[in-house]
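Which chain is which? They are A, B and C, in the order written, and residues in each are numbered from 1.
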């Protein structure tokens, strides 16, 4: 597997918080096309880590390689061409005055010729389903639509890695579903694209390829979701919850019904339970 | 006995604009004293507008909202009519909107944005002082409500801007309950918080409700509705569509119709039903009952 | 909020479609025309009247209600009264011999017709300028105004002045006006719920009320700008870097025609101005044109 992102012994402390280290000796790597979720309670350092990965902050020590390139001031152009971030607040990342000019913003920064730009704007507006809103200003859009535009603006840059920094936290349920569906769709469309999602949504984490749990700036657990969430007590001890399906599975396991490990969705679980019942009859 | 009532309440948004539309249309509801009410509906259904009429931040275009003996409407003729048979004290009381706002505490979405004072204590004292309390009195109630929301005394003289997101929100809520309102309205109180923060805020709201106050929450979070509310008001496209209990709402098939999110447990039950699960799946409202029923059906 | 004065309304009239650079130029040109010296009052009113007529016609074409300016800007009337007091009651210079007395008080204090005329004159200029600005802002998307500005700043680029930074700042400010207006409404509602009354109270209390709005608004502005700068940084914005532009302005035939018309109007007014200053003794334009004796 091709490692698209590699983090080695990362350490970071904010200037304003003397003595309190936000990121402590974090190392991990992400493969191309992987969908990794990064979870942890508020203050665990996950948003800081996101900013470090995208080189919006500079670590005090440690190294990050994006697509084989070391992240430092000299390589900043290459970094920006490889990794992008969708932030939490839909309003504060809408830079252009209209949908099309916002999607074009990153392209303008890269001095892409106008004809090519128009082509890309249209292509990615289509991809996120905003082609009918090209001339709309941000006040006329819902939160979910603004996030779609932000995603289009980032994808148009042809990146390797996209970070979602709690991108759905400020949306209503409809917006959340909208963005989740869009991510699934994009992964299907472009399997090489790597997603790192920073989230509070353990259900989302449970369905991702890999989960990294951060606690007090350190990696607490890392691995496949079915393994990471296995130790219920350990998860609960750092103030996180366990996914609904796993909760159900654990409870019925106590009564003697063992559900296979790879059943992770309510769909799968209901299928299993109904199937089991039929077998019995 | 009702404490808040709306009668034929209609609110026209941007009345002067040619593109005006009804944000609320002909709403009749009654909310009882001591209730824990959740108002749900998708974005744009009018739920935030509705609660803002409760303390006169928005005036109904036609019809009225009534909070105990306070009448809220922009229709002057109607107000006169309504006040005709009331006593002198009530008429006098109706002249001062501050009397209403003291009674109905309103916590907006992201209330941390209303903090402005140099110290946390001063910020919490601000409301009570506006409603006519003397300094010492205001200080007393401020300390009491800060303790109630779980802000330690060592924080009192700090700037509110040094706090974390969840703490700021608790201070903001303390600022509202310090004026000891009878009715507490919260607009999306858990928005943007992590699971722990949500639990803390809701435990706090529950505690406030237990002191006998009426609590009204506007929310998208159906788990919150399921776990806390005793009455749900459902709005859809500016209209009142249902007043019911959470259990009835979630056990009916109407949720999809109003494009509301279904709590995961009900989604799961529906899936089981659709796949022909041979067991009794009615009236299940928590995980443990669900487990029992599953085991029952599987004979374990 | 939707009725903010001069807010861009996306109709599709010829005025809307004109090149923003041209509109910008015409705005400045006509504003200057308001302020050229046209000699005596009769001349001034005739010239401003013609200008007003032109402006009203443009407003009607652009679907702006010309009367709306009076209803939406109530403070205009306050201004009018203020001007009236200044010009009518304050003596007009030392030499009053050439003035026409309106009312003479028993103690010899005199109010002159000229004071009234001056008020009207200044007021008319003011309204015309407001109308002109209104036409520009309500027919041109804020972003287009920025593009036009960027174009006019081009000469500064030659002396290595970072014009693109200036225009970026302006466009971001324009972009966030609606967001911040919305935010201030929310904060005001929250503070009203805490018993703040923004309409009543004495000055000291009012100042206190305003701080309850300003401080939270500033705090949120700062946090927004931090997030905005991160978002811009993440998308590779470099203020000094070379950028291409997604939006380009095209000069159409209609723009050329409009430019010609603007220049024509300008030259007419300049002629009127020249006539009245070259022949200071001459009566007025009315007499020149129609042989009528006025005022």
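Things worth noting here:
As a convention for this text, a contact is a pair of C-beta atoms (placed from the backbone, for glycine too) under 8 Å apart; a residue touches a chain by one contact, two chains touch by 3 or more.
Please read these numbers as outputs of a predicted model, since none were measured by experiment.
Look at the CA centroids: the one farthest from the centroid of subunit A belongs to C.
Set against one another, A-B and B-C show the most C-beta pairs in contact at A-B.
With centres set at the average Cα position, the gap from subunit A to subunit C is 47 Å.
Averaged C-alpha coordinates put the centre of subunit A at 32 Å from the centre of subunit B. With centres defined as mean CA coordinates, subunit C is found 45 Å away from subunit B. Touching of two or more other chains is recorded for no residue of subunit B. Listed for subunit C are no residues, as none touches two or more other chains. Not a single residue in subunit A touches at least two other chains. Across the complex, subunit B is touched by residues 41-43, 142, 169-170, 172-174, 200, 202-203, 239-241, 244, 247-248, 251-252, 255-257, 266-267, 269-271, 273-274, 276-277, 280-281 of subunit A.
Considering their complex, residues 2-3, 183, 186-187, 189-197, 211-212, 215-216, 219-220 of subunit C touch subunit B.
Across the interface of their complex, subunit A is touched by residues 42-43, 164-166, 191-197, 220, 259-261, 264-265, 267-268, 271-272, 275-279, 287-288, 290-291, 294-295, 297-300 of subunit B. Of all residues in subunit A, those touching subunit C in their complex are 51, 54, 56, 77, 80-81, 84-85, 87, 89, 91-98, 100-101, 104-114, 117-118, 121, 137-139, 153-154, 157.
Those residues of subunit C that touch subunit A in the complex are listed here as 141-143, 171-172, 174-175, 178-179, 182, 224, 227-228, 230-238, 241-248.
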